[in-house]
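Note that the chains are named A, B, C and D in the order they appear, and that numbering of residues resets to 1 at the start of each chain.
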């Protein structure tokens, strides 16, 4: 059974108000084509989840698709500095920033993938984050005397990731750094993966070539070469500095349409069948 | 810094009364040479931890090394039937059987590797196991109304595993089914691995050849070809039926010495430097 | 009817429980369900997802091993892996359709004992333990139990110890198939090789049923495929 | 002294904190500690264990990337991997010797703010967030903070928001090195390029110290290796 679909059909799996998990890390292997299509489709009230986001979250905020962001870190790195669209949206009270430690996002996703409502976190013992966020609380260790901080499970309705390879059946393989993508996929109700290449399933049966995400956990595969661009994709391409700068220079949402249009045929071009 | 050591030095890292995690699953890749040496060294009062054990636990029980066994399943499979030395030791009150679901062992090891004192377990909701074992208890979900069963963390003092490959530095690679060995290694204070082959570290830097357990988590590597025999070792050898049958036919501890002696030169032969 | 074997009836009955696209798990000491899954995938449920302890998803097994249903043959040509810990996770989060499990004692309220006869802490008989049962029977959408013994020590009024209970759906034995119905184990069908008298005689609780059906015989196609999948007849080892 | 750069003093100071066999982690936006770890491994701590976000253990990096310290270059020729989630796990169970982290505001009780200026829910300034800090600073044996700004908005009487506190051991700035001592941030050493007056002028809390030391200058060997490790001078990007 083929899981191949168009980017439009894939993005239609996302509903307004969904909890949306995003793969990759900062400027690496973010599913930017899917992010762009989500904005084109004018999805609203999304609740974003990611350990460390950058352009993906920044763009979704400029596109006015976002209600809240659960993340440990939202910023470009050294060269491109701060995620100003995200910051402005938070500072204007449009987007709620639910600050995590990156690890508490991981713990919340682990809880979801284990089917449990919360996860104890050893390291979260001091500071205001525990007090101001209702997804953290302290409970008694039933086997000892100490208090333990726990984080509430997060189950994304949909995870969007970008990978190098998938077969038609939906098996997905991530080369190079995997970040939290595989955990995210297993913690989420649906998984959409855009990929650089569709490969025959028999390739994954070769030693050392096994897929990382089993097909039966995947809802849709979209074939989009350069689907992470202008972010990097290990083994395929590095960042596109000019495009990132052009985006960072956009001052408001009205300027975003042209930028998105410049990617539209590439994002939508493959597999319209 | 070389982690290579003799089997005697490796087994000396285990103290009487230690919590001992054992790698492999039923008759597959059990670290039998290390098990045999533990009996020769007359280690006592060990608290064994394994998801599904067979000959390893059976032999340690016959060798009178064991105080308790935390496991989900202790038995040979279909062809060789029950682990009678273990059963007898439990039925005579010499060994305490702490029955887990295999998954609650996994959960207890995950808790240890995450540095947390307990782990919620969704599935453990009914039955007498929760009542009769003090390592299970029910607590309130602080984010909801329901009760959640939790299992206490288990931190093995030492994990013993058998793998196909390691380098001198201590990086370990497991080919074929990995079972819970990698989790066990990360949950334990010390890790001892016997291996079929010592390979140059540069091999692990090749694509698709990376080691599974980082060297800095490993205390000792012992080079013991056939170190899992008479259990199987993927890619190297299958079970030795005659040896398993011979062991199963032993009626009491006095007969064990000859059996162990038949393996002694093989178990101790390599790397006496 | 003399040449119809209980093992074939049982394996075919197990296979028929598997629907296409079901995620299905078997563990150790489980030749019969392992063969049943391979049969279902060869026949009516090609898209069923075969999960197991080594973690090979849909292994293309060339040869079964007599002594184990957890060996590395279960990784043969798999395109992707879901090792045991993650199969459990899948079940915990509601994604496992069928878990094939066994046990030593069962009562008509669906309690399963795989632990002890006698006192838990100083048992008269220490059994192997429930392996995954205590977490899978409550969480798998359907737990299907098979047991090659059908006698009054196995099907009892009240189990000595409740290892677990939960989503037990069916229990398949050499004589019949039980089904959980409104919290009670009732007779679903009797194998053509047995009779209601034989079932009643060998069951320690009163037999109840809505209608008495006969378990369908293995078809020729099923038997033909079984001999290809399991030429060494390991499905019969518990009877041999 | 005009040709001695703060970035070199800082990177060398960070490198010297790393002892042989230490497990050491750096995250995103962390060129300076990444380069410091590579320097320490090239010099006095060859057995230090370099951990990072992509998970390559002891990567043999040929080329650094200007825009990231979390790219796939950090997997180059690694023999084994410990991805981010498991680096955190390692710290949680007490196995991480040094975490290099940063922040926006610090006070003299060792509180770190990487979150907000103003109200948490409707902040005046939303900052990137503490990334791993909130769990690593309490659990790493030593959290070493570096910050390329040293002014009265950075070193404050009291932070606006406590993202975390815990095992902060040192804070390394372009002017000096602070050390936590009995629950208080005291001056450990002043860089030869600065002065106690300059430090005091740019610090929002009173400067306290036991003795005033001068931060050692980078050695020729250190500078030589820095130019090999980081020929593009990315260690200076936050000053450029």
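Here is the rule we go by: a residue touches a chain if its C-beta (ideal position, glycine included) is under 8 Å from a C-beta of that chain, and two chains touch if they have at least 3 such contacts.
If you want to know which protein each chain is, UniProt gives these names: A, B = CoA transferase subunit A; C, D = CoA-transferase.
Computed from a predicted model, the values in this text were never measured in an experiment.
Chains touching subunit A (CoA transferase subunit A) and subunit D (CoA-transferase) alike, please list them.
Joint contacts, listed by label: B.
So using the touch definition from the top, which pair is joined by more C-beta contacts, B-C or B-D?
Of the two interfaces, B-C and B-D, more C-beta pairs touch across B-C.
Just curious, how far off is subunit D (CoA-transferase) from subunit C (CoA-transferase) if you go by their C-alpha centres, in Å?
Chain centroid spacing, subunit C (CoA-transferase) to subunit D (CoA-transferase), equals 57 Å.
In whole angstrom, how far does the Cα centroid of subunit A (CoA transferase subunit A) sit from the Cα centroid of subunit B (CoA transferase subunit A)?
Taking the mean C-alpha position of each chain, the two centres sit 38 Å apart.
Counting in whole Å, what is the centre-to-centre distance of subunit B (CoA transferase subunit A) and subunit C (CoA-transferase), each centre being its mean C-alpha position?
The mean C-alpha positions of subunit B (CoA transferase subunit A) and subunit C (CoA-transferase) differ by 28 Å.
Give, as an integer number of Å, the spacing between the C-alpha centres of subunit D (CoA-transferase) and subunit B (CoA transferase subunit A).
Between these chains, centre-to-centre, one finds 40 Å.
Specify, in ascending order, the residues of subunit A (CoA transferase subunit A) that touch 2 or more different other chains.
Where subunit A (CoA transferase subunit A) meets two or more other chains at a single residue, that happens at 114-116, 121-123.
Could you check subunit D (CoA-transferase) for residues that touch two or more other chains and list them?
Counting only residues that touch two or more other chains, subunit D (CoA-transferase) contributes 91-93, 139.
Which chains are in touch, pair by pair?
Contact pairs between chains: A-B, A-C, A-D, B-C, B-D.
What does subunit B (CoA transferase subunit A) use to touch subunit D (CoA-transferase) in their complex?
1, 112-116, 167, 169, 171, 186, 201, 204-205, 210-217
What does subunit A (CoA transferase subunit A) use to touch subunit D (CoA-transferase) in their complex?
Counting only subunit A (CoA transferase subunit A), the residues touching subunit D (CoA-transferase) are 25-28, 51-52, 71-80, 82-83, 86-87, 90-91, 93, 96-97, 99-104, 106, 121-129, 132, 176-180, 183, 232, 234-235, 238-239, 241.
So in the complex, the part of subunit C (CoA-transferase) that touches subunit B (CoA transferase subunit A) is made up of which residues?
Spelled out, the residues of subunit C (CoA-transferase) in touch with subunit B (CoA transferase subunit A) are 28-29, 31, 53-55, 65-72, 74-75, 83-85, 88, 91-93, 111, 115, 120-126, 128-136, 138-139, 161-166, 234, 237-238.
Which stretch or stretches of subunit D (CoA-transferase) touch subunit B (CoA transferase subunit A) in the complex?
21, 23, 47, 49, 57, 77-82, 86, 89, 91-95, 139
Using the touch definition from the top, list the residues of subunit A (CoA transferase subunit A) that touch subunit B (CoA transferase subunit A) in their complex.
Touching subunit B (CoA transferase subunit A) from subunit A (CoA transferase subunit A) are residues 107, 111, 114-123, 135, 137, 139-144, 146, 148, 150, 152, 207-209.
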